[in-house]
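A, B, C and D label the chains in the order they appear, each numbered from 1.
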Amino acid sequence: MVLIQVFLVFTIIAALIAVEAPSTLSSIISLGAVGFGLSIAFLWLGAPDIAITQVVVEIITLVILIRATIGKGVTDIKGNESKPMLIGSLILFGLGSAFFANYLGAFPEFGKTAMDTFSEPASQFYLKFGLDKAGGANIVNDILLDFRAYDTLGEATVLFAAILGAITLLQKKVFFEGKGE
Amino acid sequence: MNGMSRIVKTVSRWVAPFIIAFGIYIALTGHLTPGGGFPGGVIIAGCFILLTLAYGKDRVKKIIGVGSAEIVDSLASLSFLCMGLLGYVFGGSFLSNFIQAGFPGNPFGLLSGGNMPIINLAIGFKVGGSLFVVFAFLALFRAIEED
Amino acid sequence: MLPLFVAIPLGLGFLLPLLEEFRERSKLYAGAMILETGFLLALSLVKFGDKGIYRMGGWPPPIGINYVLDGLSSLIVVVISAIAFVTAIFSLTYMSEYRNLGKFYGLFSLMLAGMYGVALTGDVFNMYVYLEVAAISSYALVGFNRGPEEIEASFKYLVMGAVGSVFILLGIAMLYGSVGSLNIAEISVRVSEMADKSFILLSTALFIVGFGLKAAFVPFHSWLPDAHSSAPTPISAMLSGVLIKVLGIYALSRLLFNGLNLPELAPQVLTWVGAGSMFIGGMIALGQKDLKRLLAYSSVSQMGYITLGLGMGGVLISQGKPAIATLALIGGIFHLVNHATYKSLLFLFSGGVEKLYGTRDLSEISGITGLSPVSGAAGTVGTLSISGIPPFNGFWSKLVIVIAAIWGEMYPLAGIVLFTSAITLAYYLKVQKELFLGEVAERAGLPGKISPGLYLPLVILAICCIGLGLLYLPEFRGVVLKPAALALQEGSEYTKLVLGL
Amino acid sequence: MFTYLLAFILFAVGLYSVINKRNLIKIIMGIIIMEHAVNAFLILIGYRLSGEAPIIEEGATVTEFVAAAVDPLPQALVITSIVIGLGVVALMVSLAVRIYQHYETFDITEIRKLRG
């Protein structure tokens, strides 16, 4: 349990470095540290599927981010937004955390999942009947591909729409032959 | 921009088939071991990106071609939708696991999850194709600024 | 039959970019889009009356995902299909000069699929996924013209939309942490049994912030004017007419009314946010020069009306006045339907004007009725109904909201509603005076006439604007709007429908 | 309970970066960090003390597996949310590249000035 907290503290430090680092490249590298630290934490949290997906997606994100910023007359923009924005966001954080703090007591205590507190939750059903109802041994993929396959269809569409949008924006061809544009 | 040094080229040429094999393994056995369509597809895309970086854009465009990756992307998404519609026709409701209902394979075998391995493969190709296309366009787009 | 609402747009969305690889330029894409939206409109009208659920993959509700078709979702599906059909007809001629139409209509169709997915689903996380599908397609569509301003507007819209989505996901995570289920009906059952509701308040606050970013409530509205004015016209008509409503206020009210059984503070917050965005949106719109920016700010203000109506309904329910609460909810939903029609009419009209004059600056264009009488007349109908002139539909829905505010003894709210209607009347009269009635300002080198393909949809929408006024009459209202309001009001009805308890 | 707080601190760092940074890439990174924080929170919610991965081995009996396994539902949600995050990142980066081509800078305050 303490190990998970150590990894989470590591990711927070890496995130702070990523946000405050002067040069863009070093902040991207520490962003990678956030992702990989998290994926190791996921291993300890009993989620191997997520660890694999997180590592691999983190690599692709880093490659895309570095590809977009390398050689652009490195843009090390120091300093934050204008002062009022800074003060505004600090007030916002103060309000948010105050509103948040008085509910800290109601957090479900760590390690006791919603499965145990309620009578017959859906996740108990998945665990019990995952193998013979859906046929797969990996319950997470059972859920993804059979019990909640509609989610995954939406998921595949999200990626398809994002990539289609990115292609439309990055295309070299002229879009508009008419006058005016 | 004709790719990186010779060492990187030879290493990536040797490693590429293993990465693709690992990607297909992760995608195919998604319903048995950790992994699944998404990480498998991303690994396959990562392998193509590695080749593009190592050999430079023009070489890789001849071998794979960005247009074909787009076609793979659309076709794989369409096949996922058709699996759903087939479920609608055979299994009574949209996206139902009609193969598993019909003839379930042996529980821990490769073909055990009904139409789960098929959907896994479709997602794997889709994610692989689409991520490679985005990276190719990003790389291509940047090329214009340099020349 | 229900999954066809999402399956057909998804199929077309995947197919059209594929076809574009082979046939670069053709009217095929716009034609396919019109056919698809026409068929879906017919399907939605057939499906309008009945209630029922559809189990995805055959799994019963708490296990699998299910669609819920009740009064409210069937009405929303009809509104989506109608506006999409009219916009597709408009885009046939408007987009003819553009290339890359396969990708444009592919993204348009995916946005449609996302909106249908959000409107019909009965599962919280599934609503988030299809909200992302619709939102991401609209980000790319806003930046479709790829000019410097469009790209910057699309980036701002994307950043604020992504922040909104993260807040919504955090709210869902907290909800799952405390309730242990994702099905909206099961959540409401478990929330009613829960003693310590503090965690629910947290996720409600996150939902209000997240969906507020999507629905452009006042503190989070800065993306809307840039996005809606720089998007291609059919897309800004869809965005303003339907997208911010389905993704914003419909999803939020479905979660708050049916899912979380109206946590105590939520309706009050909703009411005051609605009043605030109504007032501030109207004031800013007064000073706008650009026609589309004026329409965009007026969208922010009109969204305030809808949020006010629904929020008031929630307040009255918690105060134990069901009759007036139903009236307030009817007012909010009626205004949602009206705003969809006349706002998309005005945006399509502004697209025609832009094509005719080459600019959107109000001071330079005038006397449009001289150049093209039909679209001038349709535009006049639009401006009159949005500013609430009696015979048209805008007046009736504002009337219902004001009556509900007065009967519910919320006089300051009634005051704000009346004052904002006066402001709306002011800035649309300004548009009316400059745009329609002035002498004809000739612009060299422009087509000088709006082709039929552009003003035919305007006429259809103008007829709707007049026809929808009839919904105010009790017998029509009872059939169309009352079941929608009751779907929100009686949570127990919803859970009985879904879980069969 | 303290572990959940760590995930929220990570979320606050991401939000701070989105609101306060002038560099477009830092704003994109802020959103990525917020996505990571929410995914971590979802997995933490589904963790059962000394629970094991929700994958049935060949010989394991179902009842003992059900008692020991971690909640699989949040993991399915996180896989979906990671890939949504990847899609949003791809779109954001392509927009940032386009903006750089038009405005020659990643600094959002300059862009606002140039946009007029």
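Throughout what follows, a contact is a pair of C-beta atoms (placed from the backbone, for glycine too) under 8 Å apart; a residue touches a chain by one contact, two chains touch by 3 or more.
Model, not experiment: these values are computed from the prediction.
**Q** Centre-to-centre on C-alpha atoms, which chain is most distant from chain C?
**A** Result for max centroid distance from chain C is chain B.
**Q** Which of the chain pairs holds the record for C-beta pairs in contact?
**A** Ranked by contacting C-beta pairs, first place goes to A-D.
**Q** Measuring from the mean C-alpha position of chain B to the mean C-alpha position of chain C, what distance in angstrom results?
**A** 36
**Q** Between chain B and chain D, what distance separates the C-alpha centroids? Give it in angstrom.
**A** Chain centres of chain B and chain D, defined by C-alpha means, are spaced 23 Å apart.
**Q** Which integer distance in Å separates the CA centroid of chain A from that of chain D?
**A** 1
**Q** Give, as an integer number of Å, the spacing between the C-alpha centres of chain D and chain C.
**A** The mean C-alpha positions of chain C and chain D differ by 28 Å.
**Q** For chain B, write out the residues touching at least two other chains, lowest number first.
**A** Each of 33-34, 36, 38, 42, 70, 74, 77, 81, 84, 94-95, 97, 108, 127, 131, 134, 137-138, 141-142 in chain B touches at least two other chains.
**Q** Provide the list of chain C residues touching at least two other chains, using ranges where the numbers run on.
**A** Residues 10, 14, 17, 56-57, 125, 129, 132, 136, 139-140, 143, 146, 151, 154, 176-177, 182 of chain C each touch two or more of the other chains.
**Q** Would you mind listing the residues of chain A that make contact with two or more other chains?
**A** 48-49, 53, 57, 60, 64, 67-68, 100, 107-108, 113-115, 122-123, 126, 131, 137-138, 140, 142, 144, 146, 148-153, 155, 157-163, 165-167, 169-171
**Q** Classify the inter-chain contact topology: is it line, ring, star, complete, or other?
**A** Drawn as a graph, the chains make a fully connected set, so complete.
**Q** Quick one: which bits of chain D touch chain B in the complex? Just the residue numbers, please.
**A** So the residues of chain D touching chain B come out as 53, 55, 58, 79, 82-83, 86, 90, 93-94, 97, 101.
**Q** Which residues, counting only chain A, touch chain D once they are in their complex?
**A** 1, 4-5, 8-9, 11-12, 15-16, 18-19, 24, 27-28, 31, 34-35, 38, 41-42, 45-50, 53-54, 57, 60-61, 64-65, 67-69, 72, 75, 77, 79-82, 85-86, 89, 92-93, 97, 100, 104, 107-116, 122-124, 126-128, 130-131, 137-140, 142-144, 148, 151-152, 155, 158-159, 161-163, 165-166, 169-170
**Q** Touching residues of chain B toward chain A in the complex: what are they?
**A** Per the stated touch rule, the residues are 26, 30-39, 42-43, 45-46, 49, 70, 73-74, 77, 80-81, 84, 94-95, 97, 100, 104-105, 107-108, 112-114, 116, 119-120, 123, 126-127, 130-131, 133-135, 137-142, 144, 146.
**Q** What residues of chain A sit close enough to touch chain C in their complex?
**A** 99-100, 103, 105-108, 113-115, 117-118, 121-123, 125-126, 146-151, 153-155, 157-158, 160-162, 164-169, 171, 173-181
**Q** Write out the stretch or stretches of chain A touching chain B in their complex.
**A** Against chain B, the touching part of chain A is residues 48-49, 51-53, 56-57, 59-60, 63-64, 67-68, 71, 131-132, 134-138, 140-142, 144-146, 149-150, 152-153, 156-157, 159-160, 163, 166-167, 170-172.
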